[in-house]
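Two complexes are shown next, each including subunit A; its partner changes from subunit B in the first to subunit C in the second.
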Partner chain A sequence: MTRVVIIGAGPAGLAAAAAAGRVARVTVIDDNTEAGGQIWRRTRNAWTIEHPGVETKFQARVIAATQADVTIETPDSCERLPFDKLILATGARELFLPFPGWTLPQVTGAGGLQALVKSGLNIQGKSVVVAGTGPLLLAVAAYLKSKGATIPLIAEQAPAARVNRFARSLLSHPGKLWQGARLKARLLGVPYRTDCWVESAEPGMLRLRTPGGSGSQPFDYLAIGYGLWPNTELAQLAGCRLSNGFVEVDAAQRTSIPNIYCAGEPTGIGGVDMALAEGRIAGCHATGQPTPPLPNRAFVQALTTTFALRPEVRAVATADTIVCRCEDVPLSRIQSCQGWREAKLQTRCGMGPCQGRICGPAIQTILGWPHQSIREPVFPARIESLLT
Partner chain B sequence: MPQTADVRINGKEFTVAEGTSVAAAVLNAGYSMRTSIHGEPRAALCGMGICYECRVTIDGCQHRKSCQVLCATGMEIETT
Partner chain C sequence: MAADAIVIGAGIVGAACADELARCGLKVLIVEAGEIGGGATAAGMGHIVVMDDSEAEFALTHYSARLWEELADELPSGAEYTAAGTLWVAADDEEMAEVRRKHSFYAQRGVRTEILDAQDLEQAEPNLRKGLAGALFVPADAIVYPPRVAAFLVECACRNGARLERGRRIHNMAELANATALIVNATGASAPALSPGLDIQPRKGHLLITDRYPGFVRHQLVELGYLKSAHSIDEDSVAFNVQPRQTGQVLIGSSRQYGSSDPAIEHRMMKRMLERAALYMPSIGRLSAIRGWTGFRASTPGKLPYIGRSPRQPNVWIASGHEGLGITTSLATAKLLADQILNRQPAIPLEPYAPNG
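And now, the complex of A and B:
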């Protein structure tokens, strides 16, 4: 029986597992405590019960991948798992851009705050400003409001004209339009301001900018994210080719390495429907089953152009703004270097426990330095794990 | 399965709902998670196990990512 290993139990990974599990031996690995990925977080506990033939490993992180096996670390063990076919469904993370005050404990990611509330953070009665860019801001604001937060403002950096054009284009995606209408109803009375971004934060008070002016906004929490950034590290480690920062795949979701597939956000930020469709295709093709047709990618393109970052938000970090939060390295020290290599040697930027996952995309966005090369392990690992 | 978990955070007792992450418990208790190398208080940023800003000590084990660990009765949690 074909042995399929799937990394990531989000929509893409679960769809792949359901498809492949019909005819193959499947193991799904995820570093979270439960299935569901970013969007279904903690609401898919039943999934593993519905698919008893699929083996799942949670709180298990893949720290290395070759073309024949993956290395998995759990809180108390480490093992190598061989595969015939590997499906990478590692999803995306939020893009964070540094600004003065972004290291305050009251400042979190947009999806980040949503995840914390889903895991029990009490937000009742708190005033939460939601800012950054993209449709995720609306989903997050609606969720936080439903949990008792007050949302004084959603600040979207994209210009009104582009956002309106995007909203109109949803008319050709009935499913999305319905989602949009439902969100709109849930956000009734919440101010949504386009052309608006956060310039700085100090405890309790934000400084906001628009092209023509600035203003202040009190807050308890700031939930801020500048869109999603694909988790391509494992694909790169295994040797898969990227193009424009995303994992290159063909119509069957095959990467440049014949027995490695990739589905969901690492191939393009397309949302949950795209992730499900791609996962299904990968799961079927990897196990020799007929593949369903490829979904239309027009929506993915529309998302990218609508929420492209304006130059001003790439420039909100000042000379003494900390960019590398692990090692407390300010922008000025990074800027005085010629590139990543020198910055790492001179400042330890990107050398802390997050291994450049937060500052790497930020530096690529504000300074244009391509994200550093990937070396095993992709997460800090225990010494004993490195010896297996 | 119990409906709640009793944990200690920096020596104080807290009862949290089942399924509460250590990160949420620490924030609900009014603490940040760690002190940066320049002495700033820091708390969870990404909420999904990537940023390492939510590191705390759990049952004597340092640098656990509190957003990816669920509270369990008897847990000793310390922030730094």
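And now, the complex of A and C:
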């Protein structure tokens, strides 16, 4: 029986597992405590009961991948798991763009605040400004509102004209339209301002910018997200080719390495429906089953162009804004270098435990330097794990 | 500006040579293909260590270590200069005998060391495994962060009028058709590419660094078996060699391999190296590793660097072949090279470091 290993138990990984599990031995690995990834929150039990043929390993982190096996670390063990087919469904993380004040405790990622609330943070009656870009802001605002927060403002950096065009285009995507309308209804009464971004934060007070001016906005929490950044590290470590920062795949979700597939956000930021479809294709093709047709990627393209970052947003960090939080390196010191490697060697930027996972995308966005020095272990790992 | 001297390579050795020559009033041009300190200098542990393998090795490392002490106050904080001292760890009685031999060797030459017994060692480094025999403590040995030092030395040179040309790779000495300038080949393990015939082999090493664990290790720790394994020429070897960084991180070495020019981490070597470390420090296994990397030492048959005039290329001077000691010996290398170029009296005899071929 074909042995399929799937990394990531979000929509793409679960769809792949459901498809592949019909005919193959499947193991799904995820470092969370339960399945669902960023979006879905279903309990592990419910999911495994539905798919008895699929083995799951939670709180398990893949620290290395070759073309034949993956190394998995759990809180108390480590093993190497061989595979015939590997499906990478590693999702995306939030892009953080540094600005003066972004390291304040009241400032979190948009998805990050949602996760904090899900794990118990009480925001009842708190005033939460949601800012950044993309449809995720609406989803986060709706969720926070449902948990009792007041949302005085959603600040979307994209221009009104582009956002309106995008909203109209949703008419041709019924599923999306429904989602969008539902969110809009729930958010009724929440000011949604386009062409607006956060310039700086001080405890209790935000400085907002629009092309024409600036203003102040009191806040208890700021949930800010400039979109998603694909988690391509494992694919890179295994030798898969990237193009334009995403894992290159063919119509069957195959990467440039024949027995490695990739589905979901690492191949392009396209939302849940796209991730599900890609996961199904990968799961089927990897196990020799007929593959469903490839979904239309027009929506992905529309998302990318609508919510492209404006130049002013790329320039909100000032000279003394800390960019590398692990090593406390301000922008001015990084800018005095000619590229990533010099910055790393001379300022320690990107040398901390996150290994550039956070500052890498920020620096690429601000200065245009791609960050590609991927090494095993891709996450900090216990030394004893490297002995397996 | 017509240069008097062209230094090829801005690793720590080239940077030190450029600084010394510029200080002496020469017009220096530094040519570096990549980043300053981006070669072996970006990989090395930065242990400033006095060695006793041979008289010539002792003379060079001891001279250089004193130059480091003089430079220490001028170094920027990013150079992370720390006089942590070395503990040469003895596992058994046989290695304890080596501790006593080293102690008297150093004493005869004016280097202060202390012999630690098993109990002293346990107190000095509680995370070492119990039951080790003891150690030799060399208090004056130090630790630096080499790439920042290289950049600092280049900055010093430039303050004395040197010019830096970055991003230029020299493919052939003939490209530098300046008849009057002398040329310094300080390209580390790549030196034979520009000076054919120079007997230098790349010797690959692995390193791994952890997250911050201040106080986990307090001195540079080196097993005494190191001396045996470091010099077995034909076999891949690993040794317990662990260092406390100023950041609180633990830097774990080291391995030695010939015949590989691929910088990729080899799981097999990394594993052997970490097993060795865990043998001496069992609790090291629980620490979180954040990055591993490799580097290439420039090794010579005589186990000493080449510092002097090329026997084949007129106008060319060699400063290369520093194997696993180039951070330590960079400063002395620069002095000895300038002594020869400027006909000054050297502080130590030059003959052992004459380039061959």
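Keep in mind that, in the parts below, the second predicted complex is superposed on the first by the 382 of 388 C-alpha atoms of A that agree within 3 Å, B and C clash if a C-alpha of one lies under 4 Å from a C-alpha of the other, contacts with A are read in each partner's own complex, and residues count from 1 in each chain.
Please note the rule applied: a residue touches a chain if its C-beta (ideal position, glycine included) is under 8 Å from a C-beta of that chain, and two chains touch if they have at least 3 such contacts.
Keep in mind that this is a model prediction, so the values were computed, not measured.
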With both complexes overlaid on chain A, does A:96 touch subunit B (first), subunit C (second), both or neither? first
Under the stated touch criterion, which partner chain does A:120 make contact with: subunit B (first), subunit C (second), both, or neither? first
Per the contact definition in the header, classify A:353: touching subunit B only (first), subunit C only (second), both, or neither. both
Would you sort A:325 into first (subunit B), second (subunit C), both or neither based on which partner it touches? first
Classify the contacts of A:345 with the two partner chains as first (subunit B alone), second (subunit C alone), both, or neither. second
First, second, both or neither for A:59, with subunit B first and subunit C second: first
Identify the partner contact of A:156: answer first if only subunit B is touched, second if only subunit C is, both if each is, neither if none is. neither
If you stack the two complexes on chain A, which partner ends up touching A:112: first (subunit B), second (subunit C), both, or neither? first
Which subunit A residues come up in both lists, the one for subunit B and the one for subunit C? 352-353
Note which residues of subunit A are touching subunit C in the complex, please. 338-339, 341-342, 345-348, 351-353, 355, 375-377, 380-384, 386-387
Interface with subunit B, subunit A side, in the complex: residues 31-33, 38, 42, 59, 93-94, 96, 103, 105-109, 111-117, 119-122, 325-328, 352-354, 357-358
Applying the document's contact rule, which stretches of subunit B touch subunit A when the two form their complex? 16-17, 19-21, 23-25, 27-28, 32-33, 36-38, 40-53, 55, 63, 67-70
Could you pull out which subunit C residues touch subunit A in their complex? 34-38, 42, 78, 147-148, 151, 166, 208, 210-211, 247, 252, 265, 267, 270-271, 274-275, 277-278, 284-293
